[in-house]
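Chain IDs A, B and C follow the sequence of writing; residue 1 opens each chain.
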Amino acid sequence: MRMRNLVATLGVGALALTAVACGKDEPAASGGGGGNASDSCGDLHKFTTASGVDVAGSPTFTKMKSAGKVTVGVKADQPNLGYKDAGGKRCGFDIEVARMMAAGLGFDPDKIEYKEIPSANRETAIAGGEVNYYVGTYSITDKRKKQVSFAGPYFIAGQDLLVRKDDTSMDAGKTALKGKKVCSATGSTPIQRVKDEQLTEASNISEFKTYSECVSQLLDKKTDAVTTDDAILKGYAATAPDQLRVVGKPFSTEKYGIGLPLADKALRDKMNSILETSASDGTWKAIYDETLGKSGSTSTPPPLEKY
Amino acid sequence: MSALYDVPGPRAQLRNRVLNVVVILLVAGAVAWVVYRLNATGQFESRRWVQFQYTAIQRQLLDGLLNTLKAAGLAAVLAMIMGAVFAAARISDHKWVRVPATFVVELFRAIPLLILMFFFYYGSLQYHLGLTPFWAVVFGLTLYNGSVLAEIFRAGIAAVPKGQREASYAIGLRKNQVVRLVLLPQAISAMLPAIVSQLVVLLKDTALGFIITYAELLYVAKQMGGRLQYGFPYIPTYIVVAVIYIGLCSLLSLLARYLEGRSRRRRKITGAPPPSAAEAATSAEAPL
Amino acid sequence: MFSVLTDNWDLFGQGFWTTIKLFLISGVLSLVLGTLLGTFRVSPVPALRGVGTGYVNILRNTPLTLVFAFLVFGAPKMNIELPSFFWSAVVALTIYTSAFICEVVRSGINTIPPGQTEAGRAIGMSFIQVLSVIVLPQAFRAIQPPLMSVLIALLKNTTIAAGFSVAEAGAIPAAMAERGENQMLTLVWITIGFLILIVPLIFLQRWAERRTAVA
């Protein structure tokens, strides 16, 4: 008797699996009933892969070379920056920078392996060699420079607030945060600033692994503001403009750098020179306009900080 | 177990029937309320479900499921081995084997599984051991469940009636033979249900992997649910994933019940005493 | 070694205090709900038995992490509000743990010899009376060891709340990474903290085991 039950259950399970196994190929361009923005990533920028590259004295490069691929740490949930669509394709400004670096180091786009690393684990992942380099809204700070090193900056952002569209109580910017519930990613610079400057009470701070989870809490009124760099927030606001908006009073300067293992000066120099070239030949502007620039803003390549 | 109340008389029957209807109505009401709530807040809107139609999403879910099964399968095998080794060590006659084994088993049962995984995850990164999150999940699961299984095996051996052991020694078997030929086979059959339910626990615990970025089923679910473009479809995704988990674990539990029934029937035939001691020992290891 | 702990005493102290609060509150609530469900499972009303069985089968086969995720990300989506993430964690842990306590209570009830309940019924006691005066008091003694196991597991399970914005002991590693502290030493100290909390529970369990063995 029992055995027959078991077989029946197995059969139903198998049926369910086959039922699932047929599906549509590509996510539709417009997201079903009422989605505003297309979820799918469009065409990516075409970089020319450099040939015969050698970065003398770079242990990381030697590792990439012998592996025949580059492993890049990225984020997956930030529209227009580091995003993975429903079809599994990745796009955004950070992704383009990561691809540009790979191309400049002589690796074709299909030789890139992306790894999603949460903010709190970035230093350990870079220092431990889980990724070769990291491109994911990673602010250059003195404290982090003790554990990893940075090429760049390749972009300058500022900490801002994302609020519900109808909520005007925080339009004054960071001074209006007292008594408000604030959410950000665990281990990120913005939440550390909120704590250090005591912009709101400790009990009002919530932290999640990703910003998406914070935005979800914001829409559910479990938090009043999501704080992080405006570049990230604009991506969300552009996705749901009838529900969300960015306050627009940035209260910090965040220099995004490419995270590298601490001792690898040779690779850092090489990446800085790739960035320099991209700034002068117009590549930087091209990939900006194709990604972050879509929400209407303009920007210029920031000056590099070589060390 | 029906000794708790009499066979109901006419009045009790009526009362039970009324209560029955009331409870059914309450449950139906609760379900209806939840469905109403889900519907009123737009959780059944097609934009929140449209993701499931895409081949790429289905493949991601399938990959997540395979990753879950891969980690659970490997960890189960390793944990069984560890359990057997440490159970044997714990009943050893040599103190220098018994004491360290006891210490290890007790220690790993006391450390939260998440912290065990953190040890492998952060440890590997800090000391460049090159362990991927997959191995952190597998080793974490192995150490914890291996320790619990060691206790289950040991309890099973202890539950075999003393006469069996005494008779074996009396006919001149060595300890190794007594354990291997007499005690262990009986212990394993008595403990099979407990072993399988521990494996259910192991399967469920793979879900902790998402915290250390192992791309198992729940990790994929969080990613799918976190898409603002589809109106944060957390509820649809969690419903789908819950069905998968409950289905998988129920299959295992069903297997456990089947084995339990089989061993009970067999015991009845051979006329062995009811395994009340074994059952008590099993429930002492309430798997969580 | 010690400076990792002493320099970050605020983090460790608060983290473990939150862990203890989570454990105590959800422990008491799980005992109440679990016992109630356990009596459902042996009641003369079939629908109540169904509720108990259904509850246990669903919750025992769902990962705790999923229960957490549902309450933190799912429930607000259908306008079910909980006062804070701490309370979401309490509810998640209670819902999950009571399924296991229910099973322990049920198996405990089953260990009471039928003669006991038959005697109770013979002197005219009702189901509720038999249960509350005769069965449960004895059952609770028999189930103390497995009950402690469930509670120990609950204590360890509180660490999962770290993934859901509750700053308990399991969240210390992430906060320490922010401060740039040594991760392995941090984990060693967290382990020691948990051992300090769990070892007394284990001894309590041993003691209960011995007492029930004698009785």
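Observations on the structure shown:
By definition in this document, a residue touches a chain if its C-beta (ideal position, glycine included) is under 8 Å from a C-beta of that chain, and two chains touch if they have at least 3 such contacts.
Bear in mind the structure is a predicted one, so any value in this text is a computation, not a measurement.
Pairs A-C and A-B differ in how many C-beta pairs touch across them, and the larger number is found at A-B. Among the remaining chains, the Cα-based centre furthest from that of chain C is the centre of A. Chain B and chain C have CA centres that are 16 Å apart.
Between the Cα centres of chain A and chain B there is a gap of 36 Å. Across the assembly, chain C contributes 73, 77, 163, 183 as residues in contact with two or more other chains.
The set of chain A residues touching two or more other chains comprises 121, 124, 209, 213, 216. Among the residues of chain B, those in touch with two or more other chains are 122, 125-126, 211, 222, 225, 232, 234, 250. Residue ranges on chain A touching chain C, taken from their complex, read 120-121, 123-124, 143, 146-147, 183, 186-187, 192, 206-209, 213, 216-217, 220-222.
Interface residues of chain C facing chain A in the complex, by the touch rule stated above, are 73, 76-77, 85, 163-165, 167, 171, 174-175, 177-178, 180, 183.
Only residues 2-3, 5-6, 9-10, 13, 20-21, 23-28, 31-35, 37-39, 76-77, 79, 84, 86-88, 115-118, 121, 124-125, 127-130, 209-210, 212-213, 215-216, 219, 236, 239-240 of chain A touch chain B when the two sit together in their complex. Only residues 1, 3-6, 8, 12, 16, 19-21, 23-24, 27, 34, 37-38, 40-41, 43, 106-107, 110-115, 118-119, 122-123, 125-126, 200, 204-208, 210-211, 218, 221-222, 225, 232, 234-235, 238, 241-242, 245-246, 248-250, 253, 276, 279-280, 283-286, 288 of chain B touch chain C when the two sit together in their complex. Interface of chain B with chain A (complex): residues 45-47, 50-61, 122, 124-126, 128, 130, 132, 211, 213, 222-232, 234, 247, 250-251, 254-255, 257-258, 261.
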